[in-house]
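Per-chain numbering from 1; labels A, B, C, D, E, F, G, H, I and J assigned in written order.
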Amino acid sequence: MTRDEITAEIVAARLAKGLTWQQLSEAVDKPVVWTIAALLGQHPIPSETGAVLAELLGLDESVVPVLAAVPMRGGLPTAVPTDPTIYRFYEVLQVYGGAIKELIHSEFGDGIMSAINFSLDVERKPHPDGDRVVVTLDGKFLPYAWTSADG
Amino acid sequence: MTRDEITAEIVAARLAKGLTWQQLSEAVDKPVVWTIAALLGQHPIPSETGAVLAELLGLDESVVPVLAAVPMRGGLPTAVPTDPTIYRFYEVLQVYGGAIKELIHSEFGDGIMSAINFSLDVERKPHPDGDRVVVTLDGKFLPYAWTSADG
Amino acid sequence: MTRDEITAEIVAARLAKGLTWQQLSEAVDKPVVWTIAALLGQHPIPSETGAVLAELLGLDESVVPVLAAVPMRGGLPTAVPTDPTIYRFYEVLQVYGGAIKELIHSEFGDGIMSAINFSLDVERKPHPDGDRVVVTLDGKFLPYAWTSADG
Amino acid sequence: MTRDEITAEIVAARLAKGLTWQQLSEAVDKPVVWTIAALLGQHPIPSETGAVLAELLGLDESVVPVLAAVPMRGGLPTAVPTDPTIYRFYEVLQVYGGAIKELIHSEFGDGIMSAINFSLDVERKPHPDGDRVVVTLDGKFLPYAWTSADG
Amino acid sequence: MTRDEITAEIVAARLAKGLTWQQLSEAVDKPVVWTIAALLGQHPIPSETGAVLAELLGLDESVVPVLAAVPMRGGLPTAVPTDPTIYRFYEVLQVYGGAIKELIHSEFGDGIMSAINFSLDVERKPHPDGDRVVVTLDGKFLPYAWTSADG
Amino acid sequence: MTRDEITAEIVAARLAKGLTWQQLSEAVDKPVVWTIAALLGQHPIPSETGAVLAELLGLDESVVPVLAAVPMRGGLPTAVPTDPTIYRFYEVLQVYGGAIKELIHSEFGDGIMSAINFSLDVERKPHPDGDRVVVTLDGKFLPYAWTSADG
Amino acid sequence: MTRDEITAEIVAARLAKGLTWQQLSEAVDKPVVWTIAALLGQHPIPSETGAVLAELLGLDESVVPVLAAVPMRGGLPTAVPTDPTIYRFYEVLQVYGGAIKELIHSEFGDGIMSAINFSLDVERKPHPDGDRVVVTLDGKFLPYAWTSADG
Amino acid sequence: MTRDEITAEIVAARLAKGLTWQQLSEAVDKPVVWTIAALLGQHPIPSETGAVLAELLGLDESVVPVLAAVPMRGGLPTAVPTDPTIYRFYEVLQVYGGAIKELIHSEFGDGIMSAINFSLDVERKPHPDGDRVVVTLDGKFLPYAWTSADG
Amino acid sequence: MTRDEITAEIVAARLAKGLTWQQLSEAVDKPVVWTIAALLGQHPIPSETGAVLAELLGLDESVVPVLAAVPMRGGLPTAVPTDPTIYRFYEVLQVYGGAIKELIHSEFGDGIMSAINFSLDVERKPHPDGDRVVVTLDGKFLPYAWTSADG
Amino acid sequence: MTRDEITAEIVAARLAKGLTWQQLSEAVDKPVVWTIAALLGQHPIPSETGAVLAELLGLDESVVPVLAAVPMRGGLPTAVPTDPTIYRFYEVLQVYGGAIKELIHSEFGDGIMSAINFSLDVERKPHPDGDRVVVTLDGKFLPYAWTSADG
């Protein structure tokens, strides 16, 4: 089975067994965002962790080494997402991408927010007009640096 | 002048005059992210605010009503961004978009994070391994609701 | 079975059993547009409703939890639709999209029609030159608002 | 001047003169949606109407015959719109396009809603939870008919 | 079986049985262009007609209701066709599309040739330099008309 | 001036001078479809013909040799046309392209309709239910032939 | 089996049986380029020829009528080829396409090289710096001619 | 002036002065295909050659160093060419690309035809059924070789 | 089995058997980069080598001739890669592609780095701030040369 | 002037003045690859450096603050490059991208080569069969790390 086929099985098995993402993340003691991303095929899952998850989800143990390999990442089926929940984040990028870039440069200078040394959190926060989805992207600043191994 | 042409003038004038985004946002007493996004052509700028900014940047006052009109939004020159600083946010969406969707649904049920009733913040936060870019997306949760005016 | 596979089964089963969409929507006491959209994979279907539909359509009951999960939405096979019936709505957007935007802004100010707090109706209305298809899109106005959880 | 250049002039002139779309449509006694669409380059404007609009907007009278010619229609700068206000309508098509198609066929049989024998209205309607944008698409039903001139 | 799968079976069965399109269209007393288009998945096929065709082609009778449903139309595998026989018609559109548009407008005014109230014929016509393919597109003229159900 | 710039001038000059395509084609004694296509930049225009047209349209005589050169053809601004009048022909290709291909092959064998040894006509034909646009595509059949200069 | 599935079988069977393209083309007494193109799904294969090839390759005889039908041509999986051997020919078109066009027009006048009345040869030719691949494209010149069946 | 702007001037100047490509290539004693490709912006033109061409075409001498620089190559305005004369070569690639690849590999082994160590010729050759365009692509065979500077 | 199917089997088998790429490359005495690329479907694998690899990976010996054939190369699923590890190399091309081109031309004159007479190495090199990935691309310089077989 | 316009001026001015990239990089004491990339619009240029370069190239000093701002990066005009010299690097990614990914992961674990903490070198190296272009990409390894500011 390829990683993509295993991902499809995981999605179906979780629903069939009525397991929440929270339960799965607690079973392996990992952050819930990381756990979901990994189970959706975006991160390698260490063998011990994979073995626990495979058993919980009723998957064959032959999936464990495939889950443990670094996957080919990139989870959106189209370059521009069509699902409304995901599209809003793409829209944020269209509307605020330029501003984010300017602010990073004015605060840190030339460079980027790492998407590798990175964590992400999704929280529910109250507000008188209705609860809010607060997504925090937290990545190390990486300054453009012209460095070489011989330096 | 079209809004796009005014945006190009703003970008050039700010650099020529050595004004920071912070100075511009303080001059009009608006959040800095909002101010940058607006000056980059993504939000209408109320006339009084626009008049102050036009004068600071040395633009003709005829730009004020154009700045005050709701613009055609969408600030990225290509569907998939090529600038590395902006691309990382697109990459986050590719890697974590599915997980964000699952978490919003498990916490709130079916619906989305609004990108309209929304604010965004970029902060510099310390960490022993190097300072971090922390971007907070904060949008009202909107549940899917089958409502009609006659209801 | 994935949601896509279930959708394909539903489409085939409905035709084989000669059930109308109207009959299906009445069986579950939901608006007919909502019912079709949901059965075509665009909305989660609550378990009790899903159980009724699965039985009517002769589907295995294992589909019920998958139908109850929030799906990855986006039902057109290509970015620009090729089916003539659907294309006409895309054409309306090409020809009248700018006008709709201007009218929303002149009537409500800056903001959007929600596609989430939203309902849609398709009616047949008479006219001396031939009956007409009248499609009503009815969404809550959402004003651009710079709000945050801490506000 | 090409039609595109005239459209850009119209957009700028309207804002500079502080004219509302409503005022322009009343001056020529046409529906407001039609008037905006026409001024945004999507419909030919009869010469007398064009002359009135050109004078109101302060445009050279040489634009009148160009406005009167049938334009190359299609007003969105990208195949998938990026402006949030317009995008929501594209999203409606992604989520409900299949359902609209099914309903048209179940009510009328095989055929389409015309986008040519067509009108469109945008209204503000009240609702306890906030006013709503109600967009009505009203097109003649055209049945698939295998007809020929010799028939 | 989905309509696409049935189409693939039809294509194979016709070749295996050595049936010509002409024979199939005569068996159901329909124009040959219509018959081919319908069998290639582009038109619904009334049940009696579908039953005759299914028997001739040796298909299971369960395909009849699927053939009778209005299909999702659009038969080209790519937006720009690559098959040379089909590409030539796309090329005609690239070279003569503008001229066709101008002529329709100068003869009829603003409007379109319907592709719904429409028939198409392919004939072989002689010429001293070699026989010619003559394709006649015959569609009702539809004038742009701002009509509504309430009018 | 490039050919594209000359085409834009032609389009504007014709409207400003109130000339019909018919008048232009008669002035140079050429078929009207050919004349429009050529003036829209899709065919070379022989020098004598070009000189007549340039004078009628009030263009500088320096355009004559550019009009006489074979142009880079391809007159649609996007791969899939967005103008409704032109789009309908693309739709015909989507719905009937496969049928046209099958009919050409069953009547003539393997080969194509030439789009080079080709003419096109647009006619208005009466019908009790409304006049019809009849477009005739007339191209030489070219059989696939494996021929070489040495043969 | 569809033609695509048969092509995949042919590719695999040829390798498994260790047959060269040369052997296959000699067995049916056809040019080798034609034979390969046909076996890769780009040409119909007459029944007698198809029967010989099917037997040589060990395919079921039911493939013969499918091979004999005119296929949907177009053999590249992407619009721009990614295989380096094939890409070089696309690159030649990018770099020399304009020059080829100018030369055809200066030598023959307005028209094209037919890709239908056409043959192609691939030869190995010696050179002191290393043997060369010489590909000869040989197509009938087709002049643009405005001809019709009635002419 | 950029290279693109110079190319546009060259195209216009050649037509205005009535110079043939042949005359230009003879004036600089270069192959005609190379000369056209270079003047269309696809090759650098050595300074002495560029000076001769600039004078013949009446261009300012400041273009000479720009012509002498290696240009950004790639002369087609769209990924898939729309001009019929150029498209036919793309079609050849679609229909025969796979066969050319197989033949190169069966004759030479794994590798490519170079498009760099390469020449191209366009000839007119007679045939009883009409003269033919014969295009010869002649490139050095480059075998895949895993070589490194240290080897 | 097609080459693509064999590649999928290889990927799965390697993980299941816990073999490293290093072990596989040593078993066949080939450079490790070459070995991985070949096993991922980008190079033909000589029969003896293929037989060894097939046995190590537990594949059926019928894969050996398919592995030995030159494959259709091009290993990325999308034109722009979405996997972050691969994307960084595409980003390098976006940011430094122009500079690499200029440097090749200033050092060697007009021409290219061959990607065929080519090797590639990936090394880990130390640096006080963290180990570095050093990728060396090493290709023969190929000067643009207008050569022909008859020369 | 926008950064893009300044880049176009730089390209022209360098050729007109006959300056080599080497001379420019020495004048500002920066690595030559960095200097070219920066002058082609891919890096900000510190004010002192920018002032020296502007004077050498004869540009107005008003360009200095624009050069000093972080640019919108991404230097290729199309998603897939068409220039042969640059395309070869894209081809390397198509053929060896998967292998590079596997090797980085097998040597370092899950993570990427930074394209930000990064340098690049182009060298000419001798080889008996012809000199070689050796391009070294040297980036810091960044391991996937789930870190947050609060950690």
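The rule we apply is simple: contacts are C-beta pairs under 8 Å (C-beta built on N, C-alpha and C of every residue); 3 or more make two chains touch, one makes a residue touch a chain.
All values derive from a computational prediction rather than experimental measurement.
Participant: Could you give the fewest steps needed to travel from subunit E to subunit H through chains in contact?
Facilitator: The least step count works out to 1.
Participant: Supply the minimal count of touching-chain steps required to go from subunit D to subunit J.
Facilitator: 2
Participant: Just curious, how far off is subunit D from subunit B if you go by their C-alpha centres, in Å?
Facilitator: 28
Participant: Just curious, how far off is subunit J from subunit F if you go by their C-alpha centres, in Å?
Facilitator: The answer is 46 Å.
Participant: How many angstrom between the C-alpha centroids of subunit F and subunit E?
Facilitator: 23
Participant: Counting only residues that touch at least two other chains, what does the list for subunit A look like?
Facilitator: If we look for residues of subunit A contacting two or more partner chains, we find 69-70, 72-74, 76, 79-85, 91, 94-95, 101, 105, 111-112, 114-118, 125, 127, 129, 132, 134, 138, 140, 147-149.
Participant: Mapping chain-to-chain touches, which pattern fits: line, ring, star, complete or other?
Facilitator: Graph shape, chains as nodes and touching pairs as edges: none of the named types, so other.
Participant: Pairs of chains that touch, anyone?
Facilitator: Inter-chain contacts occur between A-B, A-C, A-D, A-I, A-J, B-C, B-D, B-I, B-J, C-D, C-E, C-F, D-E, D-F, E-F, E-G, E-H, F-G, F-H, G-H, G-I, G-J, H-I, H-J, I-J.
Participant: Can you list the subunit G residues touching subunit E in their complex?
Facilitator: 1-2, 62, 65-66, 68-70, 72-74, 76, 79, 115-116, 147-149, 151
Participant: Residues of subunit E touching subunit H in their complex?
Facilitator: 80, 82, 84, 87, 91, 94-95
Participant: Could you pull out which subunit F residues touch subunit D in their complex?
Facilitator: 8, 11-12, 15-16, 18, 77-78, 80-85, 125-127, 129, 132, 134
Participant: Once bound in the complex, which stretches of subunit D touch subunit C?
Facilitator: For subunit D paired with subunit C, touching residues are 20-22, 32-33, 36-37, 40, 42, 73-76, 79-81, 83-86, 88-108, 111-115, 117-118, 120, 122, 124-125, 127, 129-141.
Participant: Within the complex, which stretch of subunit H touches subunit I?
Facilitator: 31, 34, 43-44, 69-70, 72, 101, 105, 109-112, 114, 116-119, 121, 138, 140, 142-149
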